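Multiple structures are listed underneath, in structure tokens.
Note that chain A is present in both complexes that follow, paired respectively with chain B and with chain C.
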Partner chain A sequence: MNTALQSEIEVSARQGIPKRRRWLSKLKKDKWLYILLVPGLLYFLVFKYLPMWGVLIAFQNYQPFLGFWNSEWVGFEHFRNFFANPDFFRLLRNTLILAIYDLVFFFPAPIILALLLNEVRLAYFKRIVQTLVYVPHFVSMVIVASMTYVFLTTSGGIINELVAAVTGQSINFLADTDWFRPMIILQMMWKDSGWGTIIFLAALASVDMEQYEAAVVDGASRFQRLIYITIPAISSTIVILLILRLGSFLDNGFEQIFLMTNSLNRSVADVFDTYVYFVGITQGAFSYSTAIGLFKSVVGILLIYGSNRLAKRFGQEGIF
Partner chain B sequence: MNSSKHDSIGEKLFDGLNYLFLGLLALVTVLPFIYIIAGSFATEVELMEREFFIFPRDPSFSAYQYIFSTDTVSRSMINSVIITIAGTIANLAFTFTMAYALSRKDLMGRNVIMNLVVFSMLFSGGMIPGYLVVKELGLLDTYAAVILPGAISAFNMIIIKNFFQELPPGLEESARIDGCTDLGVLWRIVLPLSKPIIATFGLFYAVGHWNNFFSALLFLNDHMKWPLQVILREIVMLSQMAAGDMGAMDPNFVEPPDQSVKMAVIVVGTLPILLVYPFLQKHFAKGVLLGSIKG
Partner chain C sequence: MKKEKSGLRKNLAFLVLSSVLLLSACSGGNEGSEGNKESTPPQSTQNTGTETDGGEKQEEPYKISIMMQSFDTNLPNADSPVIKKLEEYTNTDVDIQFVPNSSYPDKVNITLASGQLPSIMVVDKTPSFISAARAGAFWELGPYLKDYPNLSMANDIVLNNSSIDGKNYGIYRERVLGRMGVTLNKVWMDNLGLQPPKTIDEFYNVLKAFKEQDPDQDGKDDTYGVVITKYAGPWDIMQVWFGAPNGWGDDGSGNLVPTHMTPEYREALKFFRKLYEEGLVNEDFAVMDSAVWNDPFVNGEAGVFVDVADNARRLNSPMQEKEPRDTSYTNVFQAPVGPKGHRDMPTTGYAGMLAISKSAVKTEEELKKVLAFIDKLGDVEMQMLLGYGLEGTHYDMVDGYIVPKENLDPGVLQQYNGLNQMLTFIGPDTPTLEQTEINNMIAEVQAANEKIVVANPAQPLVSEVYAQKGQQLDNIIADARIQYIVGQIDDAGLDAAVKLWRETGGDDYIEEINRLYKESQK
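Moving on, here comes the complex of A and B:
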């Protein structure tokens, strides 16, 4: 097919057929492919690129009844208002603290779990554990949050009964501001640390067994094999996932935080994502909330470029 | 990979602790599900008396009878099923057609479109502009609002495109010599070869639709169209039946068995996922591996 096309082009070039005709003949030759492309292309233009254009309402006083074209332009007013708003620092603080907790406690969990699973020699035991720890990934956040509510409620939740049996009094985990962040991180670990091991286990499976055998012959201990063979084998995967994680550093997982937020823990629970929802959708401040979202997206894109360059400087392969 | 004969005591100790830890971890993963399922069949009295149990003393279906005594839950299940089926079909149609067209390296404009796709993975307009687009299209309160904005996962599309590129080119060429158009090649040659990958991505998309909460929250104000996940949150977390007080009109109304009802609704929301899990498990290692090839 390629050669057919090439010879066609060569023939037309030799015959001095104008460029435009070639262009048209290519379009005609691939007409079915272009027809197949239409739905997907429309999807990206309407649902991805139209909203990117729509981001411009961050610089307007967007009024739904005036529409995009007739709304008044206000420049950076919403950004100035947002940075001057005391909410800004609260949101920034909450978002950053959760993101740091995520990076410190959640990010390493799948790596450690994968390394532990890799040390298991009983194949069936490994398979059973893997099968079970992957399950929560497929369960919705609503289910996870609902189970958390059922287990942690002070009126008969099993975990609180346990706590009460040991310490003599129950803890109101769901409303306590000190417990909000640990609760979020524990939910994340329960739901996704098993799933996160897959990519590392795949990287480990591709390690040449001869390396281990040679290390054994050289008298390397199991710990040394871990440090000098196993961990280097997954280091590039770790770096790639770290870059991706840093790129979405300010995304705290809207659904989870939204579901776990209530009027009592709001002071620590509000993050950029949920604030955009409450201010934008619930209160209808479209332009103001779009400005907040845009601020977050721009920081995110800077972070992903920054971490990618940093990774390259340290001699790792980046993602682009 | 290791020879177990020469293990030192330290290594044996490590192995023992490792097995113990992983075993406990697996237990922590499944126990919540088991407890919820058991609790959904228990009576409220038993839940009050015995906090810790796996098998209810006298199993009862009262919690399930209660949640299906009005059509709030069953209606939301029907909504979820409609959204899941229609949404998955839309996902597959949109994703596979685009992936096939882009898998052809000689396609004019391919690089421009690929760049558009990749850029959309890095930067998005955000929640509010996305909401306004759906609103301006007049899709609010329609099933399409929770289906179309997520019709293609750029990541999945790229994986499928790469899969198509690796198919042996000879097959397509011989079909073309036999007079097939590109459409015919896709339908008769490529798709039959892609059955496993269609099943994989179909399952993943379907699970995503069944679990979707956010789009429904954002785009559906009409209670009659709410999927199960939204109703689940209403019942368990906001502790109220969405369609008002369900017992008030019913003379046979019995006081709701509070905790066990919540557990029963959670079971109803989780069960479909647990049922397809064996099929998912068969496919996902493959899917994730395909993804990591991308590079």
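Moving on, here comes the complex of A and C:
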């Protein structure tokens, strides 16, 4: 597609047609392609760009009944309040620690799982396992949270019964601040590692088999083949997904955190996402919570941009 | 090849067409916001048109949309005979939007923010409702009430409690003032030969006995005292027994202090901590969902339930269903007497109010129709219909008492289930439930409670600070209380939490409440 377009540009450039007419004739030639593009463009315009002016309420004292036009403008006041709030550092810490845990423990999980699946020889076994590991992705977070509760509760939870049988005392996983983060990461792994393998398995399928054959002839062990062929082959996929993941670095997944929060672990569980909800929805401070959301988005953009630059510097492709 | 092309063309045409449709659907959806069709208010302008030329008899049913809580998933649909009868009686076309109680406050806030309100909305005096009412989103109803036979009977004290800046933006839903009670497992008490607890010490002894003396006589250590969930209501109730004020109390010099800054509060928390340490309360209370609150009691794991007294009936029925017996499974008593005398937590005398929005009810003429509808809900017929269903189908009248039919098919029960949430109970007295043992006990407890309930002096006051930071402030104290009970923090930690509360805005809150309180005293 890309190369076809390029060669066309070159052809028309050589023919010396004025720029404007070239543009028009191209539009005419590929009109169906452009029309195909219309629904997608409309989708982004209507659902992504049109609502965006709403972030302006972050600079207002927005009152729903006064409406956008009549609400008072307050400039950066909400941002100042937020950064001066004693909650800010606690939120930032909780959000960052969870995000780093996510990156260190959850992000590699689907890669490892995909590599393991790739080494499975029996095709039907591989297919069965693959299907089974997708299943948890379709389980609603609410169900995951209540399952966690049922398994971990100190009054009769299966896992706690086991722990009690082995160690003699039960652990209050659900209320303990030390267990909150591991619990969240484990839930994510259980739910989405399998689903995450799809994209890596697709990348693995495109690796040239001849390279493996050549490596076998050269006497490379299975592990060496993994290190020197497989991983380099999917490294660009990994980098792209990593960049995308960094863009939503500060998103901890509202639903999950919200469902697992209680009075006893709130000190580690409060993150930007849940705070925006508490302040915005339950207290009705729309402008203030918009300001926090906007702050998060700006950080997200910076992270994407930065990591993309970094990826390019290290010779990877990047996403733009 | 040619065939293929024309097929492609058709598909493309379809694509373009569908994208155009999509766009038009979106622009329509933008105005309705939320995408929630049920919450869209009725187009009532047409009705006013027909109403002027038509006489009283031919008047078209007036469209009313109502948003209210549901406590059950088995709810009536639009063609339920009960709703049909309601519509017939009030000459309306009622569109009810049920919202699960657990997410109701959020839904109210989102609906308020959207600006697209139903005609009638059950609301509490929350910060967002207060600011919406002040901004003019709801009708002020005070001046109209006297024109309606039932609504004119509304209680002035409760009207004052539910007012905002001295104005009534909603019609309260009346509740018994002294509604609380301690429900105990009667079988267990009989097994152990226990007397009803009169003091807090006796209450503690009952809990202890339920834990340690094998009250269900199965030879296993599988019971405990009181069941509590994430919902902190029972702690709020029990701390009042100890003499802690209900929300705010006089510190002796005429100033109001919040309950968590009183020594009685600390005493109560020490007691709670003891209950937790000794395993008299379920260990996982801080994480247990309130939706399963009844289960441990019904399943015979816990023997005490601290909440509204009428829960004794709600706990008894599933136990009867499992294993019917002649006498009740539950006993209900007043709060035990504490060190500061006999005290209990009251309700505010109302549970939410029916507010009428200006966005759905545009003219005064329409407002009067909605008010007439709410007024009629107070009639005996409507109270009976929405509270108990249809006579002969859902209940029978025996000697002037209501006897609900037992073992109703869920499909039949569904016809009226949950509709009582729209009742204000402002109107004439209605026949009551049959005088069973348990109903009598509940009525006795609630009547006796009137003398011992402790009012919250700050109840009618509307604080600006609380409107802005209330949730945050409440969380600090509520979390610290739970952490103290389970032993995560000690007295120093509690002091630190109170200090944080004061720094986060609590000091301003205290000052403001006291200022408002003094103004209201004048």
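Keep in mind that, in the parts below, the second predicted complex is superposed on the first by the 270 of 320 C-alpha atoms of A that agree within 3 Å, B and C clash if a C-alpha of one lies under 4 Å from a C-alpha of the other, contacts with A are read in each partner's own complex, and residues count from 1 in each chain.
The working rule: a contact is a pair of C-beta atoms (placed from the backbone, for glycine too) under 8 Å apart; a residue touches a chain by one contact, two chains touch by 3 or more.
Nothing here was measured: the structure is a model prediction, and the numbers come from that model.
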**Request:** Scan A:57 for contacts with chain B and chain C and give back first, second, both or neither.
**Result:** first
**Message:** As a test of reading the superposition: which chain, chain B or chain C, is in touch with more residues of chain A?
**Reply:** B
**Partner chain(s) touched by A:294 [first = chain B, second = chain C, both, neither]** = first
**Message:** Which partner chains sit in contact with A:24 here, chain B, chain C, both or neither? Use first/second/both/neither.
**Reply:** neither
**chain B versus chain C as contact partner of A:66, first or second or both or neither** = second
**Message:** If we overlay the two complexes on their shared chain A, which of chain B and chain C does A:222 touch? Say first, second, both or neither.
**Reply:** first
**Asked** For A:131, is the partner it touches chain B (first), chain C (second), both, or none of the two (neither)?
**Response** first
**Message:** Per the contact definition in the header, classify A:263: touching chain B only (first), chain C only (second), both, or neither.
**Reply:** second
**Prompt:** Thinking of the overlay built on chain A, is A:302 touched by chain B (first), by chain C (second), by both, or by neither?
**Reply:** neither
**Prompt:** Which holds for A:104: it touches chain B only (first), chain C only (second), both, or neither?
**Reply:** neither
**Complete:** Note: overlapping chain A surface for chain B and chain C spans 32, 35-36, 39, 43, 46-47, 50, 146, 149, 281, 286
**Fill in**
chain B contacts chain A in the complex at 1-4, 11, 14-15, 18-19, 21-23, 25-26, 28-30, 32-33, 35-36, 39, 47-48, 51-52, 93-95, 97-98, 100-102, 104, 106-108, 113, 116-117, 120, 122-133, 137, 148-149, 151-152, 154, 157, 169, 172-173, 176, 181-183, 186, 207, 210-214, 217-218, 229-230, 232-233, 236-237, 259, 262-263, 265-266, 269-270, 273-274, 277, 280-281, 284-285, 288-289, 292
**Item:** Contact set on chain A toward chain B in their complex
**Value:** 1-2, 5, 23, 26-27, 30, 32-37, 39-41, 43-44, 46-55, 57, 113, 116-117, 119-122, 125, 128-129, 131-136, 138-143, 145-147, 149-151, 156, 158, 161-162, 190, 194, 198-199, 202-203, 209, 212, 216, 222, 237, 247, 254-255, 258-259, 273, 276-277, 280-281, 286, 289-290, 293-294, 296-297, 300-301, 304
**Fill in**
chain A residues touching chain C in their complex are 32, 35-36, 38-39, 42-43, 46-47, 50, 63-67, 86-87, 146, 149, 153-155, 172, 174-175, 262-264, 266-267, 278-279, 281-286
**Item:** Residues of chain C that touch chain A when the two form their complex
**Value:** 8, 12, 15-16, 18-19, 22-23, 26-27, 30, 105-106, 109-110, 112-115, 126-128, 131-132, 135-137, 230, 282-284, 286-289, 468-472, 475, 478-479, 481-483, 486, 488, 500, 503-504
